[in-house]
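Think of it as A, B, C and D in the order they're written, each chain with its own count starting at 1.
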């Protein structure tokens, strides 16, 4: 009897001790920083290779289709692809499936163009380069040359210029977004007459060159819900728009059928997927360092080990204590 | 009027859009284009339901002074304050570094931290459940836990220390057996959704009518 | 300055939520209520700015899109939900959106989730040059899909070679799939915690990069 | 339930469409994959409806510079399966392509005059095929029934244009009334509708249909018995979702059955609710069950109660209940989110027998590892159909089963063909796959 009570005591341990343990396990690796290497998988490499094959004549969509709750997983994915596109001068249309995603998209764009963060891109707002645009200079290389000859110098540490309306357009949120995707297969401008900053899309060089989703080469959706499916159902199945997923780990396993059937090019699953993309960016010289997702993977290792340990210990206590006999049901399969 | 008309609207709308899919003709496309313009407008008004019921619940609490009624102000004030801020300061909606605003501040520095932290609480709960509840009580639960452990170690860098076979096995589980299970579920769920669609369109399933009086 | 205050406020609310792990308390409750109000308030403002203004109000004011009054009136009917006696009128916009959405999604769901999946399930399991683990994987995939479908088949008892063995293999495959989901869910939850710790230790305290 | 007949006209409308398309003279059934996206116009289709265009001599604009040759005849075809807003345009390459960087394709409405009427609708690089689909550009749409004229300019690297002759299209764009690329979806959709409504009708007529017993149901009965023996209450959580959710509806059906059994044994029951509407319905269900069991006197009005709408507060409330009342059996049936973990953890600590059931795939693993029995996904619906014997539910389960059987048949067929192909070196599977593969069309 006393043996049982010992196990029982162990199982009834105040859970705040476990909370403390997981707290410690997720802080300490940050302070030490192992930086363990990460190998990349085919699912992520295929997205990377695809984006890497694009240049200034192509265009992509990045959908920030998540709410703040899952930003830790989704934002690094969006940021990584955004940086990749900026590096290759691929114009990016930024959208959001839900209202709160609008704010997340703004946040990600701000992160990539914030001079305080290393490896940023200096953004030039739509009004600032209005003169050059009206003079018909829209090719990226010519644009940079003219812009710099006007006396603008690239700030120290910046990776390059990005021009609003040429390199990115913040379209943002629109309700019943699945229908918006459908509408954009005919015309992007009809669905978004203005961008989130009130600039008319019609004047944007990137829209002049890519008027509908037919002229867009990829839709990358980063999402924490089934919102990402809309891009397949309404974009891919209608006009063959190539789609790639960046989904939270919770959703990731559900979408493997889409990879095998070729409905999506590839998928980043959770923080690990984002870390892989960061590694690919780093290895290919597109960024100078890896970012938050990669640093997080050390903690992920420690926390996983702790949780596995807890499962094993819990099961030992459970079976050694004989608790399994108490609740056994005959009807159980 | 109360039940028949909505049921008719559902049926006519549903059949129309279904048939429309198969007709590329310009008249059919015109119907569809109109619909894509109308639906977001109608859909935008659906917010009224959420705002209305939230207002009702919390003003009720404040009036009745039920337990913890003071907190209801913490719901109602930002609920109406946010749109008000947006109206008096419209350009602030775009947010960004260039135009810091109270509106943007509330979202980025209150909403985002709270919501992401609430979700991260689950990390703690999962750890506690790992110790106290996840049991290999049956053969099936044992397979599940084993697969979970392999995938968990395989997905993190430390897994490579045990050798390449571990992450590879994890990926193999993901790519084949997992895919098979998820495809079967996807097909089953797909049929379920389709059957529900049909039932609603043809008025067999009417639960959605509930909650607005007979 | 703006950023600094923002990060301090954010850190305060982050800790407020974590205080719940120790014990429920008034600051947690305040944060919990605030988030409900702010998210809906934000949604209202964004919806007005991005949908109603450019798609309804501006075209109406420009004077030649009177037809848009139809969806507007339909939308406004939602308000009747809160007026006893005519609450049933709010069923009209719901019926419009639901009926049409289901009509639109029916053929598309059929195509994406059923026919395309069938197509992909019918791929040959062997092609010359495939490594053995891929061939084995493909065979597992085909039999696994079949078996899992048998498990969810309710018109026949799970007895005999086909249905009995099939459903047993099916549930094993399903369990492997759930194991993967389990592992990934744990990973996802930890990732969210990592995000917050990066915020607290990095953005706020500058202890890490 | 007179609504049943409504399916028939709808089905007829859908089935009429292919007939119409046949009347249109389109052979759609086994056409090889026609991908509308590809801008490749096959030689055959051009030959079929070739419209040689006569150069309009008097409108010859300028003599081409001898340095750059211009393209020859332009061919314009109406595109199939469109809304009359697309044309297939192709042209003959110049004999001498020396120095040509690209071709600018201009279009105007026939009969319009002046240079302003011309719109540049496409630029084709010299190394691409000289054909494209006109009408995708939202700025220069094509209207059905309008006659257009085209002309093509050869362009040098320096953007100098050398115009060819103007050609008038002989076809006008027209919309079609049936999309031939969607026949497979139509057949599948029609078949699905037929099966669902067929089993629906059958169930409604009262035909007895077999549903296999589900192991979970036995576990439910046993768990109720266990609670009775111990003299402890039973906790039943009907999910955290709303009444629209199929899982909630299924859960309420099972609740009726559980409550009936409980009424016979006179075991205390607790049903906490998160949604007010679900609460009212759950209350009615339990009351009705006690009445049917002949024990209306034993019904306790406080057994079904509304807790709170906030997700985590609801969990805290239920967990408190579990620790105080120590129920012998916990049922979690319906729709759950992240709270599944918290509920089941507390329940397992309190030593209760736990039976769960949900269609939320991401929560199922947690239920399976923490509960004694779990109804997985569709098993929940099937269990409710089995217990409720409601024609609506049984018909749906049977109809979906029939569809699954078809899917299984196809997969088995593919497997068999794959084996035959390996053994005999044939390509039968490829052929079958080509028949079922749907093109991407809009």
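In this section, contacts are C-beta pairs under 8 Å (C-beta built on N, C-alpha and C of every residue); 3 or more make two chains touch, one makes a residue touch a chain.
What you see is a predicted model, and the numbers here were worked out from it, not measured in a lab.
**Q** Chains touching chain B and chain C alike, please list them.
**A** Touching chain B and chain C alike, sorted by label: A, D.
**Q** Could you name the chain whose Cα mean is nearest to the mean of all protein Cα atoms here?
**A** C
**Q** Quick one: chain A and chain B, Cα centre-to-centre, how many Å?
**A** Computed from C-alpha means, the inter-chain centre distance equals 18 Å.
**Q** State, to the nearest whole Å, the distance from the C-alpha centre of chain C to the C-alpha centre of chain D.
**A** Chain C and chain D have C-alpha centres separated by 16 Å.
**Q** List the centre-to-centre spacing of chain A and chain D in whole Å, with centres computed as mean CA coordinates.
**A** A distance of 25 Å separates the two centres.
**Q** Which residues does chain A have that touch at least 2 chains other than itself?
**A** 11, 19, 22, 26, 67, 69-72, 100, 103, 174-175, 179, 196, 237, 250, 253-254, 257, 260, 270, 272, 300, 303-304, 307, 332-333
**Q** Would you mind listing the residues of chain D that make contact with two or more other chains?
**A** Touching at least two other chains: 182, 185, 189, 192, 312, 349, 361-362, 365-366, 368-369, 372, 377-378, 404, 407.
**Q** Please list all residues of chain B that touch 2 or more other chains.
**A** If we look for residues of chain B contacting two or more partner chains, we find 11, 15, 18, 21-22, 35, 39-40, 43-44, 93, 107-108, 111-112, 115-116, 118-120, 122-124, 126, 128, 130, 132-137, 140-141, 144-145, 148-149, 152, 155-156, 174-175, 178-179, 182-183, 185-189, 191, 194, 198, 208.
**Q** Considering only which chains touch which, how would you classify the arrangement: line, ring, star, complete or other?
**A** Topology of touching chains reads as complete, every chain touching all others.
**Q** Considering only the defined contacts, which chain B positions touch chain C in the complex?
**A** 1-3, 5-7, 9-18, 20-22, 35, 37-52, 54, 56, 68, 71-72, 74-83, 85-87, 90, 93, 100, 103, 105-124, 126, 130, 140-141, 143-152, 155-156, 170, 172-191, 193-194, 197-198, 200-201, 208-209, 212-213
**Q** Would you pull the chain B residues touching chain D in the complex into a rising list?
**A** For chain B paired with chain D, touching residues are 11, 15, 18-19, 21-29, 57, 118-119, 122, 125-126, 128-129, 132-137, 140-141, 144-145, 148, 182, 185, 187-189, 191-192, 194-196, 198-199, 202-205, 207-208, 210-211.
**Q** Okay, in this complex, where on chain D does chain C touch?
**A** Its residues touching chain C are 182, 184-185, 188-189, 192, 209-214, 310, 312, 316, 361-362, 364-366, 368-369, 376-379, 382, 397-398, 401-402, 404-405, 407-408, 410-415, 418, 421-422, 429, 432-433, 436-438.
**Q** Enumerate the contact residues on chain C facing chain A in the complex.
**A** Per the stated touch rule, the residues are 21-22, 39, 42-43, 46-47, 50-51, 54, 104-105, 108-109, 111-112, 116-117, 119-120, 141, 171, 177, 180-181, 184-188, 190-198, 201, 207-209.
**Q** With touch defined as at the start, can you tell me which chain A residues reach chain B in the complex?
**A** By the definition above, chain A touches chain B via 11, 13, 15, 18-19, 21-23, 26, 36-39, 41, 67-72, 100, 103-104, 106-107, 109-110, 113-114, 125, 170, 174-176, 179-180, 182-183, 196-198, 253-257, 260, 270, 272, 297-298, 300-308, 310-311, 313-315, 318, 324, 332-333.
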